[in-house]
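There are structures below to look over.
Heads up, the next two complexes both have chain A, just with different partners, chain B and then chain C.
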Partner chain A sequence: MRELFPAKQVVGFIASLVLTVIALLVYFIDMSFQLGMIILLLTAFTQAGLQLVVFMHAGESPDSDSIYVNTYYGIFIALAIVFGSLLAMVWGY
Partner chain B sequence: MEFFKQFAVPNPTPTIYLSMVAIGLTLIAVLAGITYFKKWGYLWREWLTTVDHKRIGIMYLISALLMLFRGGVDALMMRAQTSRPGNELLSAAEYNEIFTTHGVVMIFFMAMAFITALMNFAVPLQIGARDVAYPRLNALSFWLYFMGAMLFNISFVIGGSPSSGWTSYFPLAGNQLSEHVGTNYYMIALQIAGLGTLITGINFIVTIFKMRAKGMTLMKMPLFTWSALITNLLIVFAFPVLTVALAMGTMDRLFGTHFFTIDNGGMAMLWANFFWVWGHPEVYILVLPAFGIYSEVISTFSKRNLYGYTSMVVAIVVISTLAFLVWVHHFFTMGQGAFVNSIFSITTMAIAIPTGIKIFNWLFTMWKGKIQFTVPMLYSIGFIPIFTIGGVTGVMLGIASADYQYHNTMFLVAHFHLVIIPGVVFAMIAGMTYWWPKMFGFMLNERIGRWAFWNIAIGTCLAFFPMFIAGLDGQARRMYTYSEVAGFGVWNLLSFFGGLGLAMGFILIVYNVYYSARYASRDIGDDPWDARTLEWATRTPVPEYNFAVEPEVNTREPFWDSKYEGEKLFKEKITDIHMPNNSGQPFIMSSFFFVLGFGLVFSLWLLVYIAAAGIAVLLFYRSFEKDDGRHIHEEDVRETEREMGGDTR
Partner chain C sequence: MNIDHSKPLEYSTETNDLNIIGFWVFIGAEIALFATLFAAYFILEGRVADGPSGGHLFVISTLMIQTFVLLTSSFTIGLAVNAMRLGRKGATIGFFIITLILGLGFVGVEIYEFYEYVHEGLTLQTSAFSAALFTLLGTHGAHVSFGLFWGIAIIIQLAKRGFTPRTANKTFIFSLYWHFLDVVWIFIFSFVYLKGMM
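Up next, the complex of A and B:
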């Protein structure tokens, strides 16, 4: 029975629903702008990671290594660009 | 009549009218020629609709060479204008348009096309594949690039060329300071060509990850393929930034948004920031394939395996990461604090380390090798000292405090030309000469090739070394003239002579193509250079299926080992080969993009809607189209192989 039941997918599905609900709460509950943005950012990125790993099968193909390396590289570059730009144009200006 | 006024160029001169006539006549002559020789069908079947990576590579090559000459003529006009003080050959406005066009054409339409040409031709052959992963997307890439380039090139006769520099900094590039449509051309043509480049990036990453020959692990790939892989990763991660920046710039110019304006909360310097977030990785997108070519050429003509393969790969990967961490060094003087400048100064200097590793590895490869001074090898050897001078002055520019002296002077111009010319142009000519026999079935003449090399090498030094001195003496870049008392005259005159030397070299290359096409022997075998990697293991010229039998490899230099160590490359029997069908859709869709771009440049909305609808229809059609490709039958493969080599295995 354990082999037949897709536990990972079901848990993933519920988790993605929960994340959506949490993100929606930002709209319905009165909170500060900063807190709202933090919640949205966190839930969005967790959601994206969840979709990639559970439903897009990132880890299940023979080249999962290159998929993950590329993903980490992409995340690194995105962070470098965002924070580098902030540093150059706002914080360090 | 009012309608046609918008297409007039803003500052017409007799030369522009003459060019219009010349362009018109050339166009009529080409169309009439094709019709007269009844070549329309041939052109459509064999070239416009092809999805074959080799032919697409050759089309990229031809476009790149055409653009090289377009940009080269611009360069000569600039050098002629500044060759003596107070010269009045060009007006200030023309000079602005010419240096802008020179930069854009050389980077986007010459260098990018040239590296894509050689990657297209060589990478699938080097990894033992029959085509790229997405052949039709590959055709789309080419035609998008081509249409983007054409759209940009018509700007100087219709509506006026952009004139705010190839960097197109806002607010200068905004509507207030650049009123005519030139900058629209810049934004939209680059957007279309950039789309093609992005598609190429994805295509080649998938090709290299998924389509390597049996037994070729990542660490057994030839170095050119390694550099192509990393280059395409850089493309995929860097080009979206340009896409976004161009889209924001377009919206500022066409729809009155305020991303990069001075007023209403816009941030003009953000354009410079985005431009260089893309622009610095772009430098490595151009130079890494060049490093790959040098690795192949130096190892082939030293008759040795490459020294330090692993460290070469590590160096490329490190360069690709550092490439994203240095962009602020392009605007040290913009006003950010010493803390920010220090950070980017240090990351900039760090790049010199992996680059140095590569230089030493090439030198050690030649050490105790049996060096043959062929034309590709001459370019590779010439590259090392000139590139090192360019690189070392780059480290000087990277020192933020000192950069306040060098910034925006001819010193900078000298630096980046002495990096880009040996780093990209030398490599591309070396690669072109090296792979020429595989592309066309004959070799380029060595004697004329050597003359061309010496002209280009000496011309480069003569054209750009004086700029270091002129720059340190205070000559700013992009100045269309200067007074005699400034004392820049002699340096600029020398530089002009260097430019003539370069022009002579490129004319010799064209003559060489003509001469060799006419007189060179066609009986050169499959491996004229005694080379080491898989692309030489197939026939010359390469049949459309590349390899009759897919090769299997065990070593880093499979072809060399099959020649001298008794390794067996082709173990299976010949079977039916599955190939993709040709398609006219990429060409048609890109033509719609051209119309769309033209409509956007002049805000002709009806044209925009029609072209956008055309693109949407084609995308929709493609989504539901069923195309399973075709098979080349075993007997036909055997027949071709028998004609070409005699061995049918």
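Up next, the complex of A and C:
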């Protein structure tokens, strides 16, 4: 039975729950918008990294270098799209 | 077919390796897809016209249920892959079924939530905000719903054929897909719901 619940994944799951609770503090505690956004950015990206490494086994494939490069490129494109759009359309530069 | 027994079954042939890296390329494209939907949402979230805003609509209880259910399902599909590597077919299928039941629960709560939104006067046509919101949430929900059918098909294959390089490969790739949907949800949870309610 024990081998069905490896420590790495159990710890990963608990960490993801803790990160979720920290993110929820933004709602339950009165704080400034800036501080809230900083907390959310930190918890969301940590959570994403956790899923990628612990659960998606990104590092153990024989092609892990290609997988990481592809994923980093995807993340770069995502950030460029989101912040580029915000810069042009919302923040008004 | 050349099977390398020193590797986990899902990586044991060259085709399997290529399938896995191919799926990662697909995930890269999915990241870009969701990025465009997030960008559209962030631009339009203030344009609520005469309809309700996110802060008015979002409910913390359903959000917490959805997040907990999806995080748990991401954990159980991870356990299914672990059980597969131990060669435990029953446990793999069991964890797989739990994952899909949790996924079904998530979709159920999301449908209930959409129903409530429509009752509060927020439909796809209400405002730029509502169109962007439903497109983003709906695209994610459609991915989860598709995953339910895909998952059922893989469970049937596992039950019929047992662990072969092909079924192991499919199971592993499904787990990648499911974890990825969890990652997308984390961003929806943080930057649509919590940001909207802050």
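Everything below uses one rule, namely that the second predicted complex is superposed on the first by the 69 of 93 C-alpha atoms of A that agree within 3 Å, B and C clash if a C-alpha of one lies under 4 Å from a C-alpha of the other, contacts with A are read in each partner's own complex, and residues count from 1 in each chain.
One rule holds in what follows: contacts are C-beta pairs under 8 Å (C-beta built on N, C-alpha and C of every residue); 3 or more make two chains touch, one makes a residue touch a chain.
Here the structure is a predicted model, which is why all the values come from computation and not from measurement.
Student: Under the stated touch criterion, which partner chain does A:I29 make contact with: chain B (first), chain C (second), both, or neither?
Tutor: Neither partner.
Student: So, does A:I38 touch the first partner chain B, the second partner chain C, both, or neither?
Tutor: neither
Student: On the A-aligned overlay, A:I81 touches which partner chain: chain B = first, chain C = second, or both, or neither?
Tutor: A:I81: touches chain B and chain C.
Student: In the overlaid three-chain picture, which partner chain does A:G92 touch, first (chain B) or second (chain C), both, or neither?
Tutor: first
Student: Quick check on the superposed pair: does A:N70 touch chain B, chain C, both, or neither? Answer first, second, both or neither.
Tutor: It touches chain B and chain C both.
Student: Of the two partners chain B and chain C, indicate the one touching more residues belonging to chain A.
Tutor: For chain A, the partner with the higher number of touched residues is C.
Student: Can you give me the overlap between the chain B contact set and the chain C contact set on chain A?
Tutor: The overlap between the chain B and chain C interfaces on chain A comprises residues 63, 66, 70, 73-74, 77, 81, 84-85, 89.
Student: Within their complex, state which residues of chain B touch chain A.
Tutor: So the residues of chain B in touch with chain A come to 209-210, 233, 237, 241, 267, 269-270, 273-274, 277, 321, 324-325, 327-328, 335-337, 339-340, 343-344.
Student: Chain A touches which residues of chain C in the complex?
Tutor: So the residues of chain C touching chain A come out as 7, 11, 17, 20-21, 24-25, 27-29, 31-32, 34-36, 38-40, 42-43, 60, 64, 67-68, 71-72, 74-75, 77-79, 81-83, 86, 88, 91, 175-176, 179-180, 182-183, 186-187, 189-191, 194-195, 197-198.
Student: List the residues on chain A that touch chain C in their complex, please.
Tutor: It is residues 3-6, 9, 12-13, 16-17, 20, 23-24, 26-27, 33, 36-37, 40-41, 43-44, 47-48, 51-52, 54-57, 61-63, 66-67, 70-71, 73-75, 77-79, 81-82, 84-86, 89-90 of chain A that touch chain C.
Student: Considering the complex alone, what residue numbers of chain A touch chain B?
Tutor: The touching residues are 63, 66, 70, 73-74, 76-77, 80-81, 84-85, 87-89, 92-93.
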